[in-house]
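See structure below.
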Amino acid sequence: MVNGVFEWERPLVELENRIRELQAFTKEKGIDFSQEIATLERKADRLRAEIFSNLTPWQRVQLARHPRRPTTLDYIGMICTDFLELSGDRCVRNDEAMVGGVALLDGIPITVVGPQKGRDTKENIRRNFGLPHPEGYRKALRLMVQAEKFGRPILSLIDVVGAYPGIEAEQRGQGVVIAENIRRMSFLRVPVVCVITGEGGSGGALAIGVGDRVLMMENAWYSVISPEMCAEILWKDTGRAPEAAGVLKLGARDLLELGVIDEIIPEPLGGAHRDREEVARRLKEAVLRHLRELMALDPDELLDRRLKKYRAMGRLQEQTAERLEAIRSGQAEA
Amino acid sequence: MATLKDLFRTKPKYVTVKPVQGEAGPVRPPAPKPKEVPDGLWAKCPGCQSILYQRELSKNLHVCSRCGHHFHVGAMERLAQILDSVETFEEWDGEVATVNPLGFPGYEEKLARTQEKTGLREAIVTGVGRLENYPVAVGILDFAFFSGSMGSVVGEKLARLFERAAERCLPVIVVSGGGGGARMQEGILSLMQMAKTCQAVERFGRSGRPYVSVLTNPTMGGVYASFASLGDYILAEPGALIGFAGPRIVERTIRQPLPSGFQTSEFALKHGMIDRIVQRKELRPVLAQILRLHAR
Amino acid sequence: MATLKDLFRTKPKYVTVKPVQGEAGPVRPPAPKPKEVPDGLWAKCPGCQSILYQRELSKNLHVCSRCGHHFHVGAMERLAQILDSVETFEEWDGEVATVNPLGFPGYEEKLARTQEKTGLREAIVTGVGRLENYPVAVGILDFAFFSGSMGSVVGEKLARLFERAAERCLPVIVVSGGGGGARMQEGILSLMQMAKTCQAVERFGRSGRPYVSVLTNPTMGGVYASFASLGDYILAEPGALIGFAGPRIVERTIRQPLPSGFQTSEFALKHGMIDRIVQRKELRPVLAQILRLHAR
Amino acid sequence: MVNGVFEWERPLVELENRIRELQAFTKEKGIDFSQEIATLERKADRLRAEIFSNLTPWQRVQLARHPRRPTTLDYIGMICTDFLELSGDRCVRNDEAMVGGVALLDGIPITVVGPQKGRDTKENIRRNFGLPHPEGYRKALRLMVQAEKFGRPILSLIDVVGAYPGIEAEQRGQGVVIAENIRRMSFLRVPVVCVITGEGGSGGALAIGVGDRVLMMENAWYSVISPEMCAEILWKDTGRAPEAAGVLKLGARDLLELGVIDEIIPEPLGGAHRDREEVARRLKEAVLRHLRELMALDPDELLDRRLKKYRAMGRLQEQTAERLEAIRSGQAEA
């Protein structure tokens, strides 16, 4: 990628630049290029559809990692009002790789949490490139438990390569904190809507990703392992990550089919960064629709459905007649 | 009456029809064949490089008599070590079989080869047995099978273990020996087993019965970051590798050598993540003590 | 009908008859006289050593316009800063008076002198007022009175504040400005106020209304280690001293100089103990935002 | 103090040594000193009663700090069977200044926690002289919450000068952890019996000291501030700690009168270290008696009583007729 442009989208970007130049020229010099512009725009539309309509899994992974892709705080800013950011795990540290707080979503008080990548190098250092330590997960959980106390629904915006693999993170129990988060989040007595907005890397994503509804942006990815690490394990070659992205079935459509997510939030052709306001609008609409449905349920019903959903996840095969009988008669769960 | 096909249609996410193995039923492996213990009369200890006589090693619960190194033990041998007798053990859900949900290249073949080699059908054996005559639900992960990693079958068998234990008011012991983390070949479905097992542990907890998690070498990744960390009591064998991120990944991330003892049982104890380090020969007595403290 | 004496006999641990002060009723101090602000036209800033004109300082909410140092403010002035108007404030439990339960030498005399000097009856003022028109229960500790330390009366007034707020479904704001910790002169009974107030906070929490704890300079010891740390939202003024053990005790224990910035608000934020640092002029808007997020 | 002997008990100790010498002499040489021994023993009894029956508050503080006084693990060993020590706060560290675990007390499974002083220099260093960090309090709370899960009563054995006043302890929220412990402990739905066995230093003691019953050894002390620090504040002279011990009312009898403790466990004349088995027997008897009473209550009743007890603590005075009326009619709490 050069200047935020991938090799495979370069012809389109060059065409778009050309159109912008002509438009500027028209404005400055007053010469009418409208016909030429119209022609080029038709061509651009064709090219855009051609390039972006059949993205490979790896191309989507690249879009999910685009440096101009909206981050958690960007989305919060675009979909919420009155955001009050809250800090700290009351235990060790305030981890800036994870943000969270209370805000109004269309007038509804919600708690919102999510990992936060830096939007420039300086911020990336402060935010550890969006890779949370145990403190970050503990902060998120603290805020979610606070939401439960006040009966507030929760929105978890997920964009994380993974939990930080460092010495201190291991010392302070990265594994334990992920397990604790999953356990506690599973039993929160308020609606929880999770959205994989960008990257959904393994346990580091699931630690804030157990919800009544899990939505996913069209170009986001969500996987048990990153394509690079998968390639390393399979072929001892991280260069084959594009291939690995294919076999891992980490795209939104695959996950919908596997029953792991509930809805895909469409992105503008070419990725969320190409029209941030539009993608935020769609995100807000989808989240609100699900939240309103969930807020109508009583907490016992909510919990019951949430647990049933996860209980049914996985695929396997059994050969005993007994077990089949049990499933048919509804005696067996899921 | 519904046909088989109809049944599957109503539960499409759960059961698929493509079998990996032809024959069902519990499989009792003849003997464990952990990687570290090559076939033959002698074994080399990775701890002190001694050459050890296999029969002696086996008598000593597969612990090196020179340096105390704890070798891997297979699921069935572990059962024999902690239960009053393997004869009292009744296996659960032995018929649950693995499929290839993502169509992951080579998964079926690797599964078949592993099953052939280990005599196991999957990376976990679950069931009910007796320990000092206390009835107890037990799950044992086996490192020899896909490094003891958690796919749909491991998650499902664990969930059923906790569910059935709750129904029957049994304590649960799970030996994560050794959890290699996620079953990459099952992709996101492997990740979802973390949620499924954590939820099963919590629901079981409401039965008022204890869950003892025993960590053996290695307990990492998705196994450590789910059910294995949620024991009411967490014991670990000495010198086991315990952590979330693999040491090589940590080393690559921080770009400096790891401190000695990083991610060992002793490290986990010092940092407050486990209750006790238990020598293998002490495991059965300590488990018995816990059961006694929870006797009804 | 019971006589006064009988009443006291049935509640011997709670009410004693020896009055410290002759006259009851809420006391409205004429003006706060924090230590840092000497009487007179001018004040010297401990932050930047500037000489500041008192009237300007007061207009600027007692924050140094040069370096941003936050001076102590008294309870009544704090109320004026955060409420819509002090006129809407209705004081609660102003009649509760301090006794000398241990017969601690000199306590009565020091109390009388302090009451005389500050115009306050105790280290806390509690009551109900309006903030951006939201009704809210408020408690303000005043550093000028025994360093804002918590004895029986402070504990009792806080407990009643939370109880009454729960009954009336009001949010609670407590400004620990500044909690000097325990009231040594009331010995163990002062310590017990930590338990009493923590319990009051938790019971209040079941009302579903929020409790905002505002930490100002200094919030230490028993105040910090009880109700002040239990806010649903914890805000702190910049540069406040916040911690459990006093810095001199820590220094003496570790036998080395303290790192710069130790136990400041910024330190507390970095270590995850508070939610936000809020400039004094932002305090009222942030409190209003919290109330708005919890509006019913 | 020299060799574990205080100046004020020296005449007695010397007499006791003399008696032991004569007894040994009798045994070795076969010479009969029985009459001399009897005389000396009568004298020793008189002296013992004289010295120990009217201990000053400061002398009791000294006894509470006696290096041979039984520690938490000593008591657990003497009163319990099947003790299973448990470790860690699942967050930062295993703090060896705080111990805890599960054990049987007369066959009843209980959870027992308490700070642990070292019994020699090496152990003292490992255990930080029995001064817990936040991790220690978090460990204790974790074990108490586990006890609640399993419906097990809790015994808290308290012997602590205070929470450790160090840099890391403050960084990791010593104040927050004490507040959290007090809050959570107050609402545990199982019986909680606390015993101040030695020193009860301020918030560091209260953090494991909220219970349905609080018992206290005869020579223990429990105070909002140590006598030394009190003397420092009052007179800028820690040397006047003996005086401060007097004004603070930190002894068992004072605390019983103030309603802060429920019972005094008598010690043998001269302190618990003079007859460890006997003092353990008395401790066990008292704890069991209270536990059995509490175990008969249902959790709601238990909690209600516990909260009422603390709600009434403190002394003050009100002058309004209204309030007095409220108290009389039972409208006001406590």
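Going by the order they are written in, the chains are A, B, C and D; count residues from 1 in each one.
Here is the rule we go by: a residue touches a chain if its C-beta (ideal position, glycine included) is under 8 Å from a C-beta of that chain, and two chains touch if they have at least 3 such contacts.
The structure presented is a predicted model; accordingly, all values stated were derived computationally and were not measured.
Averaged C-alpha coordinates give centres for chain A and chain C that are 44 Å from one another.
Between the CA-based centres of chain A and chain B the separation comes to 31 Å, rounded to the whole angstrom. Chain A and chain D have centres, each the mean of its CA atoms, that are 53 Å apart. Of all residues in chain B, those touching 2 or more other chains are 271-273, listed in ascending order. Looking at chain D, one finds that residues 90-92, 172-173, 176, 180 touch two or more other chains. Under the stated contact rule, the graph of chain-to-chain touches falls outside the line, ring, star and complete shapes.
Pairwise, the chains that touch each other are A-B, A-C, A-D, B-D, C-D.
Chain B makes touch with chain A in their complex at residues 2, 4, 7, 11, 13-20, 24, 95-99, 101-102, 104-105, 151-153, 155-156, 159, 163, 182-184, 186-196, 198-199, 201-203, 220-222, 224-230, 242-246, 249-250, 253-254, 258-259, 262-263, 267, 271-273. The residues of chain D lying in touch with chain A in their complex are 90-92, 134, 172-173, 176, 180. Within the complex formed with chain D, the residues of chain B that make contact are 205, 208, 210, 232-233, 269-276, 286, 289-290, 292-294. Across the complex, chain A meets chain C through its residues 82, 84-95, 102-104, 109, 135, 139, 146, 149-151. Chain D meets chain C in the complex at residues 163-167, 169-176, 178-180, 182-183, 186-187, 202-203, 206-207, 210, 222-225, 229-230, 233, 247-250, 254-255, 258-260, 307, 310-320, 323-324, 327-328, 333-334.
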